[in-house]
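Look for chain A in each of the two complexes below; its partner is chain B in the first and chain C in the second.
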Partner chain A sequence: MNPFIFTGLAVGFAFGFALQRGRFCMNSAFRDIILMKDYTLLKAVGVAILVEMIGFELLSLTGVINLNPKPFMWGANMFGGFIFGIGMVLAGGCASGITYRFGEGMVGAMSAVGGFIFAGLMTSMGILKPVAGFFQNTRITQPGGVNLTLANVLHVPHYVLTFSIAGVALILWAIFTKKVQAAGKDRDVSLGTKIFKKGWGWTATGIVIGLIGILAFYASSSAGRNYPLGITGGYLSIMKSLLLGKNFLTWESMEIISTIIGAFIAALIAGEFKLRAPAPRVLIQTFFGGCLMGFGAVCQMGCNIGHILSGVPQLALSSILGGTFIILGCWLAAYLLFIRVKP
Partner chain B sequence: MAEIKPDKTLDVRGEICPYPDVKTKKTLKKMEKGQILEVLTDYPLSVERIPRTAEKEKHKVLSVEKIKGPEHRILIEVKGGEG
Partner chain C sequence: MLGSKRKRTKEKIVKRSILLVCGIVLLALIPVLYIAGIRIF
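== the complex of A and B ==
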C-alpha cells in the first residue's frame, strides 16, 4: 500500500469540515434556483470551480500534476447524470451533502448513504453492471484515446481556454461584488466565532473548498490516484474491502472516512450535532434516492463531486455533459415533488 | 424584547432538506398579514435559509434564536414591517 494514501485523511478532514461549515450541497444549490430563488450555494459552487480551474491549470503547467478528465460516454453521462439528479432530490442531498449530514447526525442522510453504496455496488459489480455497461458503450475519444475536453474539442490550448473562462468569470464576479458591498452589512464578530460557530458565507466556502480540491489533486496523485476530490469511489472501495475481505482501499477511501469525521467535529464544535431522524416514510425515500444516486454515479463514473467539482474545472466534456444532466434531473424531481404538488 | 406570542407553530425538527423551507413557505402563504409564525427546526442550512427567503418574500423576521444544539426557533411576521 502506498503510504501517501494516508494524506487522504488530512484532506478529507478539511473537506468535511468545510462542507459542514459552508453547508456545501449541490442539491440545494441547483434545486434552489427554481424552488427558493436562492443562489447562495450556487455561488459557492461557482467560486469553488473557479478556484480549482486556476489551481489545476497552474499545477498542470508546472508539471506537478497531469490533468485527468474522465472518459466521455454521452449515453452514460446523460442517463446516469439524469438519474443521479432525480436521486439527490429524493435523498435530500448530493453526494457531498449526504456525507456531511451523516457527520451532523442526520439519520435521513445516513440512510441515503446506505442506498448510495448499495446500488453503487450493484452497478459496479452486480446485477446492474450490464445496464451501466449499455450506457457506457457510447464512449467517444480523440484519436489515440485521449479523453475529450472542451479545449481539445475546440482545438484551443487547454490553458488558454481555462484562463479565458476564469478571466471572464473573475470580471463578472468583481462587478457583482461591488454591487453587493454597496448594500454592506458586515457584523462585528470574532474570527473564531465566524469560523467555528457560524455558517460560512458563500465566498469563503467556495474559496476554501476550491483550495482543498487543489490540494487533493496534488496529494492524491502522489498516492497514485491521479484525480482531485471524489466520493463514490471512496465509499465503494471501503464496502468492497469489507464484503470481499481484500484490500481495495485507495486515497479516496481515506478521504471519505475523514470527510465524515471532519463534518462531525465541525458540527460538534458549532453545537450542531444531534442524532435526528425524519418520519419512517422519508427514511425509505432517502434510501431510494441514494440508490438512484449510486446507480447514476457508477454509470457515469462520478457523482457531483467527481464530475462537477473535480471534472468541470478540468474542462472535461464528460463532466460538463454529466453535470448538466444532474441539474436537469434535479429540476425535474424538484418540480414534481415540491412545485407542482400542493400538499 | 417582550415575549411574542406566535399565532401558529410549525415544528419541522428532524425533517430533511428542503422540507423545513417548503413547509414554512406554504404555511406563511396561508396565514394573514400581521400574524406571527414560529418555526422550530434543527437543520442548520434551513436556519440560515428560511430567514433569507422569508425576507425576500417581504415577511419580517423577528428573531432567530438558538434553543439547544442545532435546534432553533424562528419567528416570522407575515408581510410585516409597515404596521
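== the complex of A and C ==
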C-alpha cells in the first residue's frame, strides 16, 4: 500500500470542515437560483472553480501534476448527469451536501448516502452495470486516446484558455463587485469565532475549498491516483472492502472517511451537531434520491464533485457536459417538486 | 458610523485592486509563456 494514501485523511478532514462551515452544497446552489433567486452558494462554487483552475494550471506547468480530464462519453454524461441532478433534489443534497450533513447527524442524509452506495455498487458491479455500459459506449477521444478538453478541441494551448477565462473572470469580478457588506457586530468578533462558530461567507468558502482541491490534486497524485477531490469512488471502495473482505482502500477512501469526521468536528465545535430524523416518508424519498445519484455518478464516472468541482477547472469536456446536465436535472426536479402548482 | 463607512469603502478598493492585479497578471502570463516556448495542446 502506498503510504501517501494517508494524506487523504488530512485533505478529507479539511474538506469536511470547510463544507460544513460554508454549507457548501451544489443542490442548494443550483436549486436556490430558481426557487429564491439566491446566488450566494453558486458564487462560492464559481470562486472554488476559479481558484482551482489557476492552481491546477500552475501545478501542471511546473510539472508537479499531470492534468487528468475524465473520458468524454456524451451518452453517459448527459443521461447520468441528468439522473444525478434529479436524484440530488430528492436526496436533499449533492454528494458533498449529503456527506457533510451525515457528519452533522442528519439521518435523512445518512439514508441518502445509503442509497448512493447501494445503487453505486449495483451500477459498478451489479445488475445495472449493462445499463451504464450502454451509455458509456458513446466515448469519443482525440487521436491517440487523449481525453477531450475544451483546449484540445479548440486546438488552443491549455494554459492560454485557462488563464484567459480566469483572468477575464477576475477582472469582471473586480468591476462588478458590490460594496463590502457591513458586518455589524461581526467586526469585533475574534478570528477563532469567525472560523469555528460563525458560518463562512461565499468568498471565503470558495477560496478555501478551491485551495483544498489544489492540495488534493497534489496529494493524490503522490499516492498514484492523480485526480483532485472526489466522493463516489471513496464510498464504493470502502463498501467493496467491507463486502468482499479484500483491501480496496484508496486515497479517496481515506478522504471520504475523514470528510465525514471533519464535518462532524466542525458541527460539534459550532454547536450544530444533533441527530435529526425526518418522517419515514422523507427517509424513503432521500434513499431513492441517493439511489438515482449513485447510478448517475457511476454511469458518468463522477459525481458533482468529481465533475463540476474537479473536472471543470481542468476544462474537461465530459465534466462541462455532465455538469450542465446535473444542473438541468436539478432544475427539472425542483420545478416539479416545489414550483409547479398542483391542481 | 462615518468611520465604519470609510473602512468599508477602503476594503472595497483593496478587494478590487487585488482582483484586478491578479486578472491582469494571469492575462499577461499568456504571451510570456508562449514566447518562452510552452505550446502544449
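We take it that the second predicted complex is superposed on the first by the 330 of 343 C-alpha atoms of A that agree within 3 Å, B and C clash if a C-alpha of one lies under 4 Å from a C-alpha of the other, contacts with A are read in each partner's own complex, and residues count from 1 in each chain.
Heads up, the rule we're going with is that a contact is a pair of C-beta atoms (placed from the backbone, for glycine too) under 8 Å apart; a residue touches a chain by one contact, two chains touch by 3 or more.
It should be emphasised that the depicted structure is a prediction, and the values quoted were computed from it without experimental measurement.
Q: Which partner, chain B or chain C, touches the larger number of chain A residues?
A: B
Q: If you stack the two complexes on chain A, which partner ends up touching A:G306: first (chain B), second (chain C), both, or neither?
A: Neither partner.
Q: After lining up the shared chain so the two structures overlap, which partner does A:I54 touch, if you call chain B first and chain C second: first, second, both or neither?
A: Only chain C; A:I54 stays clear of chain B.
Q: With both complexes overlaid on chain A, does A:L170 touch chain B (first), chain C (second), both or neither?
A: The second partner, chain C, only.
Q: Scan A:G230 for contacts with chain B and chain C and give back first, second, both or neither.
A: Touch partners of A:G230: none, neither chain B nor chain C.
Q: Quick check on the superposed pair: does A:H155 touch chain B, chain C, both, or neither? Answer first, second, both or neither.
A: Only chain C is touched by A:H155; chain B is not.
Q: Name the residues of chain A shared by its contacts with chain B and its contacts with chain C.
A: none
Q: Would you pull the chain C residues touching chain A in the complex into a rising list?
A: 4, 8-9, 11-12, 15-17, 19-20, 22-27, 29-30, 33-34, 38-41
Q: Write out the stretch or stretches of chain A touching chain C in their complex.
A: Listed in rising order, the residues of chain A that touch chain C are 54, 61, 151-152, 155-160, 163-164, 166-171, 173-174, 177, 179-180, 182, 187.
Q: Which bits of chain A are touching chain B when the two form their complex?
A: 23, 25, 27-28, 31-32, 35-38, 40, 92-93, 97, 104, 106, 108-109, 199, 267, 270-274, 276-279, 282, 286, 338, 342-343
Q: Any idea which chain B residues touch chain A in the complex?
A: Going through chain B, the ones touching chain A are 13-19, 21-22, 25-26, 42-45, 48-49, 52-53, 56, 66, 69-71.
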